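Take a look at the structures listed below.
Two complexes, one shared chain (subunit A), two partners (subunit B, subunit C).
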Partner chain A sequence: MVEDASLLAIFLKRLLRTFMRESVFANCESDFVVAAIKKKKRLDGRLFEELRNIELHFGSDYGCAYVTLGETKVLAQVSCELSEPRNARKNEGNIFVNVEINDMVCGVFETGHQSHLGIHTNRLIEKCIKDSRCVDLEALCIISEEQAWEIRVDVSVLNYDGNLFTCCSLAALAALAHFRTPHVTIENSEIRVESIKEHEPEPLSLHHYPILVAFAIFGEGHDILLDPTELEEKVCESELIIGMNSFRELCGMHFSGRTTGNRLLIVKAAQQAALVAGDLVKLLKSKLEKDNEERKKNRGKTDGLVTAIHLDRILSASQDRNSLRVTMREIEESARSLFVGHSAPVTGKDSDDDQDLESDGKESENDETEVAYSKDKRLGIQLPPMEKMAFGEKWIPSGNKNAWTLPNATLSDASDDEVDYVKTITDEDRIIDKIDLNDSEEEQDTVMLEAQELK
Partner chain B sequence: MTKQKSNPKEVEEITTCKVGEIVLPGQIVDAVGVKEANKKNQVIVGPGLRKIGDRIVASKCGVLREMNGKIFWVDALGKRYLPARGEGVVGIVTKKMGDYFKVDVRAADAALLHFLAFEGATKKNRPEVNVGDVVYGKMVVESTDMEPELVCINDEGRKTNMGVLSGGFVFRASLHLVRKILQRDCPLLPSLGSAFNYESAIGMNGVIWVKSQDPVSTIAVSNAILSAETMTPEELTTFCANLR
Partner chain C sequence: MEIDEENFVGWPGRPLKCEINVLSKPEGSSMFAQGNTVVMASLFGPHEIKHGKIQTDESVAFQTNYKTKVGPPSNEAKSQEDLIKTACESVLFPKNFARHEVTLVVQEFQNAGGILSCAINAGCLAMINSGIEMQYLVVAVTACINTDGEVIVDPNEAQLKVARMALDVAFDTVSYNIIMANGQGTCNPKEYKHLLSKCREAARILTEYFRSIVKKYSVVLHIHLVTVILNMNK
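Moving on to the complex of A and B:
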């Protein structure tokens, strides 16, 4: 009895401590998030079904992938070694997934043992990648019952701002898709592993590309938020994580929290997940191709993660320091692009807004840099040269976009990946419209709020 | 800040750095102003500068700044708050410990807030403060190595604007942004005030509390404050002119 009581006390203490560490958020913050979501607003100005800015870069070594999703940053590295296959499956190799969350990432995480979130993410990724059998394990076998490749995926979280699941699973998958095992020759049942320099290594064979897509659910299942931030994850009623591949096949699902699940909610989320997964896989494949081409040109060498550095920003690795974003222009634009196929928004907007409709719809498919710039254009801000500094000479600006570069320079940057994501919304909603899930009210609402703000 | 007497002999240096230039950690700082100050024989060395031996060496990467030719410091981007006496901060109550509340002020240590440090509080009449509440108060720091203390009353026992903040929204900004918008000649807050109805508490620790009648304008205000971080002064003035 005494032992039980002391165990209980230890348990409670630990529980209390974890609780203490996590409650750095104020009550008013969570209340505010809930109130804003009731009004169909997210703090960072995204639509409910919008991903944050996503980036994917491959390292100079095979099997290294770096993914950033907003401010969540993850690095995955795949390695392999020869080992004996398991007794149960003698002609198959093996795959391990390990997610590491260092306590440097965020004050909430503790050193030493793996945190709850770490285990959770680890298990979900395992479910998604290992249990969906996307890697051809039989191809990893070299000699049955004797030697097989053992693949290890190490995912290290570098920064945490919600939605580790999508970020980690994309990184793990990208690393696997990028990885190559060294060539192996067998002479008289003796295995020789060739050096990568001497013999071209062989890529793993992947049957399909499964990706985890996370949702936060609010308002008793009415509001489904794609890609929640840390705050949204903390506040939400329940979390729904769906593993999906580009063929719209379900590869794992996790639903926890206090919302009563209903069919409509799951179906709606799954539809979105399928679209997001499709787009992410498209991004992954295009990046992989680019990397391949570059390696072909430069004899197997690339610049690696140097490409992840942004020269147009003062903090080169940071995407956007403003956790709260100007909602006006961006939402307006994306809302408009949604309405391209529909009737014009019915709110108290003046006529020239409607005329802009077509052209703006195209514009919204651009990269964020451009949106940010056009925002400035709208406010009539002239970007000043660096020398002219009157007031506040004592301050150096910092943070997201470097305002000092010329507008042309920023525009030329607008090339790759993000383009897809803004598109996602349009496609998504068209398809969702086809299934007749009435979600058009969301966008109309946002437009209305815009009109108020635009004053 | 450490007061120190500097040695006039030290000035024959290889590297020269002017006020307003970028200094790197380890760089020996001997700006023109430092030399001039040497005549008066006294310099005040602020954050980011350190006296090592006879020399003043930068300990942070940033821009060298000066005030009245006497005070020198390095202006760097920062997020981690170092408590300083008398600064107004916004904190979040994380724990109740007997007579004290523990308040997270984004510093290395949580600050302590005594329950009697509220206006009109007595042993019988305890103030109502709960875990998760947002508090605006003043820092009382005896030594940088000790746990800082927070109070919500001034010397006369009045609360002025301090105390528990109810409702609204809290967000974190960098320390230099806070210092920037609290500058006397910064046009941001006055023009925001003419554009929106809102209340705000801006803590020197980089925590900002904003409250207005609906979430949309709260987001708009918070947004405007956050986006001021990257603006050049001219952009800021145009931005503010647009707000009105």
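Moving on to the complex of A and C:
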């Protein structure tokens, strides 16, 4: 009975989660995460000091950047207008940061007002970019006490899956670095703004490139997780956000939660943050350079965000959006034991590493048969790029028969295609990858036998 | 689905590019590009209406949120939002989700002309992706008449600027009736008819494109499922 009741409670919580947008996590779910972290494991198979897959695209408009960090996706746009400088600082322009989170996306039921997360992110980015004086505000001034540029950074959050801080700050910084103000000429103290077509616009001058790096802290300050997901953020004991630039200088810090952080924790995290910030700035600069080159070739024009659309990627119904990564083999085995009746015991992945080695060797053998799509640990299922042909008639991934359009397509028909699932890469594989499997020929023989037996 | 303009059969406009299911939070999402105009649409719901918003009628509440990249929405954005709403609202079966609401969020990514039709198309794809029951699809086409009296379907920014008349029309895909139309400029009724018929032709091709997208995604899902089942049977 007790078990039933707890199951019911979990079910109700899940139901609640599907009906309300607010992400509610079951107690057992959070316990599981904490227990896994105690064993130095994360649900998505990352190391503690590993970022999720990061992508950065620039738009065709100046000052537009689209950043994805795992499932967290953000679009930033910088704009400028002429205005009178503030009284306190008469020879400086101004910068204004606005982070907008749709209440649907981060799922907090607060009508009218900006959500807590929105304000929090906004303030941290302000700290990181505005208060660290990374933009040269004096250069924005055109005529002292009269006219100066006011820069506005609009960051809109498209999808939320933890670590909004890194994603937003990178987007905002990238947009600022990409942005150009129109050229201004002054004649008899009259300001004339030249159009972008007539006169090459001027980039903003940035003193340094600060980026926020977020950590989730578990185990009373012992486990520091870089780039937490939404679940990890909700479960963690405390959060630590460090603003760092590529010169390893601290530009903002925030610490909150239940644990009392000790000095070592902060120092350790800051050192990690410096490395991450360095990498991200490197990425930003290389992308910026690419964009510049393309603009030089095409007279200042690019396709921009059109390139952000990936045609060879399918995420739906793939394992990718499950927070827990189970390998196909494990699903298969447990499913087989359910269907057939005699239960084949599912071997635990962690318990027997040697067996893993063998079976993974077998799997990679199977991979060499014709495969219609591949599966990447981070990007989900990937198709080969579509063939260039008239659409509508034969729109199929190259390399495979289209079983979808055939009305009488049966399973046995499809089996002729010899499509096999591709190896799912787990965190164990990374260790395994380093080990050369090719020299064990005996194992390859057993694979052949087994395959025949099964047919 | 990357299509060169030369290899492009049928569609008279700019190259199309699309990815669906790009976001994890919304029920359905799509990123759609017509030429250099890029839009992302995400559909949330149906979910229960929040307090204070409960309506007296029994039909589903459809909300649209069109977001420009810069600042608070301008009047133009508000009017575009209404037009997107009219086009996409008609698709749903209203009685099915009484006292529930559906929200369509359309985010402007890049505007190089014809963003309204691009937004409606993206919205439709997001709805397809969410799996919500639909009466028909909605496809939108932008076309213009230039100063020489020629009709250009899906014009780019430069062509739109010098156009005498520009028209955004949304059609349903069953009888290709007009759901929404929005025009700017002047032309005589005969030219208008010609323009409409051109749009309608293009809409038919666009429907095929939508189908091919759905097919593309389902082919892989199908293979994926078949392999899982096959491997179970072994």
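In this text, the second predicted complex is superposed on the first by the 288 of 455 C-alpha atoms of A that agree within 3 Å, B and C clash if a C-alpha of one lies under 4 Å from a C-alpha of the other, contacts with A are read in each partner's own complex, and residues count from 1 in each chain.
Convention: contacts are C-beta pairs under 8 Å (C-beta built on N, C-alpha and C of every residue); 3 or more make two chains touch, one makes a residue touch a chain.
Just so we're clear, the structure is a prediction, and the values are computed from it rather than from any experiment.
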| item | value |
| --- | --- |
| Touching partner for A:N27 - first (subunit B), second (subunit C), both, neither | first |
| Partner chain(s) touched by A:R152 [first = subunit B, second = subunit C, both, neither] | second |
| Subunit C versus subunit B, contacts on subunit A by residue | C |
| Touched partner set for A:V105, first subunit B, second subunit C, both or neither | second |
| First (subunit B), second (subunit C), both or neither touched by A:A88 | neither |
| Subunit B versus subunit C as contact partner of A:G59, first or second or both or neither | second |
| Contacts of A:K39 with subunit B and subunit C, given as first, second, both or neither | first |
| On subunit A, positions contacted by subunit B and by subunit C | 20, 314, 321, 328, 381, 383, 388-392, 395-397, 400, 403-404 |
| Residues of subunit C defined as touching subunit A within the complex | 1-4, 7-10, 17-26, 31, 33, 36, 38, 40, 42, 44, 47-48, 50, 52, 65, 67, 69-71, 103, 105, 107, 109-110, 112, 129, 205, 208-209, 211-212, 215-224, 226-234 |
| Subunit B contact footprint on subunit A (complex, rising order) | 20, 23-29, 31-32, 35-36, 39, 41, 43, 45, 314, 321-328, 379-384, 388-401, 403-404, 449, 452-453 |
| Parts of subunit B lying in touch with subunit A, wherever the complex brings them together | 20, 62-63, 65, 75, 77, 92, 94-95, 104, 130-134, 165-172, 174, 176, 179-180, 183, 185-187, 209, 214-216, 218-220, 222-223, 226-227, 229-239, 242 |
| Residues of subunit A defined as touching subunit C within the complex | 19-21, 59-61, 64, 66, 71, 73, 75, 77, 79, 98, 100, 102, 104-105, 107, 109, 111, 152, 154, 156, 158-161, 303-306, 308-311, 313-318, 321, 328, 331-332, 335-336, 339, 372-373, 381, 383, 385-386, 388-392, 395-397, 400, 402-405, 411, 414-415, 417, 419-421, 454 |
